[in-house]
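Two complexes are shown next, each including subunit A; its partner changes from subunit B in the first to subunit C in the second.
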Partner chain A sequence: MAATSVRPAARAALRCAPAALAIVLLALFPIFVTKPYPIGIGVSLFLAVLVGSAWNILGGYAGQYSVGHAAYFGVGAYTAVMLFERLHVPPWFGLPAAMLAAVLVGVVIGTITFRLRGPYFVLASIAVAEIIRLAALHFRGFTNGAEGFVVAGAPTLHLLGLELSLGTKRSFYWLTLALAVGAVLVSRAVRRARLGYLLLAIREDQDAAHSLGIGLAWNKNLALALSAALTGLAGAVFAGYTRFIDPNTVFSLTEVSVRMVLICLLGGIGTVHGPIIGAVLLVLLEAVLVTPRGLVTIGLLPSDSALVAFVGKWLSPAYLLVEGVIMVLLILFAPEGVAGLLRRVRARRRETAAAAPSPAP
Partner chain B sequence: MILFLQSLLSGVLIGGVYALIGIGLTLIFGVMRVINFAHGELVMLGMYATWVLFVQLGWDPYLSILAVAPLLFVWGALLQVAVVNRALNALPQNQILLTIGLGLVMSNAVMLGFTSDYRILSTSYSSSSFELGGLSVSYPLLMSFLVTAAVTVALSLFLLRTDTGQAIRATAQDRLAAQLMGIDVRRMSVLAFGLGAALAGVAGALVAPTYYIYPQVGGAFTLRAFVIVVLGGMGSVMGAILAGVLIGVTESLAAVYVASGLKELVVYVLFLVVLLVKPSGLLGKSRA
Partner chain C sequence: MALLEIRHLSKFFGGLAANADVSFSVEQGEIVGLIGPNGAGKTTLFDCVTGFHRPDRGEIRFRDVRLNGKPPEKICKLGLARTWHKVKPLARLSVLENVMVGAFARTRDPEAARAEALEQLRVVGLLPRAAQAAGGLPIGERKKLEVARVLATRPTLVLLDEVMGGLNPTESDEVIELVLALRAAGLTFVVIEHDMRAIMRISDRVVVLNSGEKLAEGTPAQVVENREVVAAYLGEAP
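For the complex of A and B:
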């Protein structure tokens, strides 16, 4: 046992190497490239990895497809911004407060909705998120209603004697990169921990899991708390980055809740690396569809490119059309996402490799 | 008191249209066990079709029902054959994602074609009303209620009296048994989706004179339709009618006595309560 465990450990270290290298390269990237467009795409990408991994813990591992995660995203955003704008609480405390608020809301929502299963749970999760959005729109005295908040100053983060200005895109780039890496590590840890196996058991068969003594409500709520905390954190950072929030943006059903599901669906629901793949694909797609001019600014396309003009005129206003088509195609032909496709291709290659020597004379 | 009766009346009238949307959704669910999250978008398509017919050809919205209903029937049948039918055996959650995707496609395609501007279909009677026993009755709301009642009666007769209608109900009751009895369940599914879409289209035509018409208007109708279908009992047509009127009244009363900005919120809270207390709905068999 001891002898054999050395090789897997070495192999595991080797397998981590490309990921570590990628993180180092990504961290060094803004030192060499200072154009705002690619830096902005980096921030979107890391936020997408963060929310995708967050959703995946509940939706992927535990199989509880929440289409109402905008509730946690929005609550996180509003908590951090309102603490800063109303009470002048620095974001250093605002971020954990946002996570805490999201967890509290999550526990309440979880207690209500986890009694429901399958499609009923999905419907309830949507209803709860919509209730919070409508309340945020209505109670103007508390939330500013549809006006939302403009985050005025660029706060400086005092962290262990370091002064981190949150005014620049680059600082957000590094912050979100760190958070994305952290979220993936959390997701990986959950997947490998006892909790991960309990969640998978619940996903595969709730009744069987329950009969084996697995507490359904407790474990689902645990997964939701982790998921909500990370989502709330993402909402708070998003608010600081865009410097503006309103209920229809941060509580949006399509642009937040459905998008989180789409990130995981695209990459592969229930796998650690699925949300990363999905985030990369979706953010690149959105970058091309929503801001095709950006490709000109980084010199990939000439400024008179017909493609940029076409996309800008026809697809930018309705990029969700493309995302809808992708969603339909994925469900129909690749419900396990790109990760599932890769697995299938690898399995087929192994099969042909195994079959190849046999016809030899 | 007069305020209460007034809001009760408008609630019942608008509830009729909600019922129509709910019936379509419940029919689709009953026959295929697929939750159609693009249902509100079908209503939206009905609204746009009515608006185009009105602006381009000068057709009266109530007359254009005759064109909108078959149009949406064909579109719904097409969606069923091309997309939804392929996912009959997928996880229910995946089916929801599939139809959410379809909804995104429809609303954003319309946005490309017609921009996201708010359209208004103003007829000579859009804001006209008449007095009845001290209450003011909105003419377009009354008309839409009457049309709804007629369509509902016709649909009930179709489902109860004709062979095809009975085959649809049989498929909804037990798909396998229906198949064993020689019913072409695939055809019934296409028919049910087409009918559901046509009903949504009719509802769209009926609300077109009184609502703003814009590509994202469907979302609110989808959620309302779910509340109605769950409240009435998944798959129950009678339940959908009852729940539709109930939701209309709830919204109307909430707008007056709570706050107009909170009427939808009240409905969603009601929805959660129903899901938790009696997920099988008012007239549904216990299945959940």
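For the complex of A and C:
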């Protein structure tokens, strides 16, 4: 009895070991490397994992391709910043408030748009998010309009008696790492629970799901609430990190909404690890495309590199175009992303392994 | 009190009466065949009963609960489940996961759902296929999967929409045996089927629809003798 119960537990621990090791190494990284550039890349990466996993719960599991998640990202950012700037609410309360605000906005949007299916839902999600962006630009008395907010003081996070100053890049590195790990764990738990199966069923065939006792509106809104909460959290943390927000940044269709979809498309939609792979690929790609000089500062390339000059001159101004082309190619040739490609390669290797051995006796 | 009561049910699509004043009832433990030429309104009737269409007139009662206007998920949880004429496998999920989704209608625990799903896969004979993707099954096994999935929701009444269509005679016989065995275990069925041999074998009673109206009702033997039924299927004698 003891042996049978210990062995699976040990095996499970062994399977988690590489992930745990990676997290420990990532957590120790800023102690050894203090250059701001790689730390900044780390923050971008962890935020990308966070928003990718968030989008994946609704888009990947439930198959509801929202291209309007900037609404939740922006609402989260504005909620935390406005509470801090106007009412001096500490960020420790600002973060949950940002999540709650994003969920409330999400449930309102969901109730309206979940009646639509397929491309109509996608279009509606874009439209609603754009309306919110334009409203944030227009109602200046409330939102400061296009001027946005500059977060003046460095907020301090009081956590279990510790004072975590949010003034440094390193503190954001650890905070976003923890949130990214948390988001992946939430995504994994959802996938394995009853809710995960119901969402996948809705993705595969709404009528079949409905006839098997699955309430469509309820479960889609549940997925959206989880997704929006994590996205709002990411928005709030992003605002604290950049210390400046305006509607065109945090409600951006391309830089937030489409980017979240792209992270999942790159990595593999609907899998737990897809958003992690996608975040790594996209953040590295952006690092090379947008800030090629960064590679020089960490000594990867010489300062007179022709590559840096080429990228800086020709690709950086058009990185969105490059990302767009990648997105189209992915949808055409690898709709299941890198995770799907890996799965296909593994399946083929297993087939050849099964066919190759056992020559005739 | 009958298990299912359909009273004066009408459903219109524009000017077309897909169901016109249809009434019949189903007793606990019965197998009722529902037949009629293409376009007679059989699937529309299933859609009305399971909440996918809202009836325009009339009333549907299941275990004395009025079903009109109830959403499909509530009707499923009351114990009334249906299969689809055009099968709807959850293509990218495994066969086992498909049936687990049905089992989640009654449990929150994934392990309990897995156990229930394995049991229903054994019942319909799909256990060897459990790990395969449902989208890759041949048509005969897709139909069995529909049945297993519906059984996993633990229904009292099952509406089968042409589960034998497209099956070869051996597979068709297997499904007939399965339905009879499940009835012996206490389930009630309404069965849409075009295969008259199957209908004659399993039905206690047959209801015939034609152009949305109920044309006849009776034992299989009575129905095939009925002149109007023969005329509806073969055309009037000159």
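What we mean here is this: the second predicted complex is superposed on the first by the 347 of 361 C-alpha atoms of A that agree within 3 Å, B and C clash if a C-alpha of one lies under 4 Å from a C-alpha of the other, contacts with A are read in each partner's own complex, and residues count from 1 in each chain.
Methods note: a residue touches a chain if its C-beta (ideal position, glycine included) is under 8 Å from a C-beta of that chain, and two chains touch if they have at least 3 such contacts.
The structure displayed is predicted, hence computed values, not measured ones.
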Combined model on subunit A where subunit B meets subunit C, clash or fit: fit
Touch count on subunit A, higher of subunit B and subunit C: B
Partner chain in contact with A:Ala208 - subunit B first, subunit C second, else both or neither: second
Contacts of A:Arg344 with subunit B and subunit C, given as first, second, both or neither: neither
Which superposed partner A:Leu198 touches (first subunit B, second subunit C, both, neither): second
Subunit B versus subunit C as contact partner of A:Pro119, first or second or both or neither: first
Overlay on chain A, subunit C to subunit B nearest C-alpha distance, Å: 12
Touching both subunit B and subunit C, residues of subunit A: none
Residues of subunit A defined as touching subunit C within the complex: 192-194, 197-198, 200-201, 204-205, 207-216
Residues on subunit B engaged by subunit A in the complex (per definition of touch): 35, 83, 86-87, 90-98, 100-105, 107-109, 111-112, 115-116, 219, 223, 226-227, 230, 259, 261-262, 264-265, 268-269, 271-272, 275-276, 279, 288
Subunit A contact footprint on subunit C (complex, rising order): 50, 52, 71-73, 76-77, 81-82, 84, 88-93, 97, 100-102, 104-105, 107-110, 113, 149-150, 153
In the complex, subunit A residues that touch subunit B: 65, 67, 112, 115-120, 122-124, 126-128, 130-131, 134-135, 137-138, 253-254, 258, 261, 265, 314, 317-321, 323-328, 331-332, 335
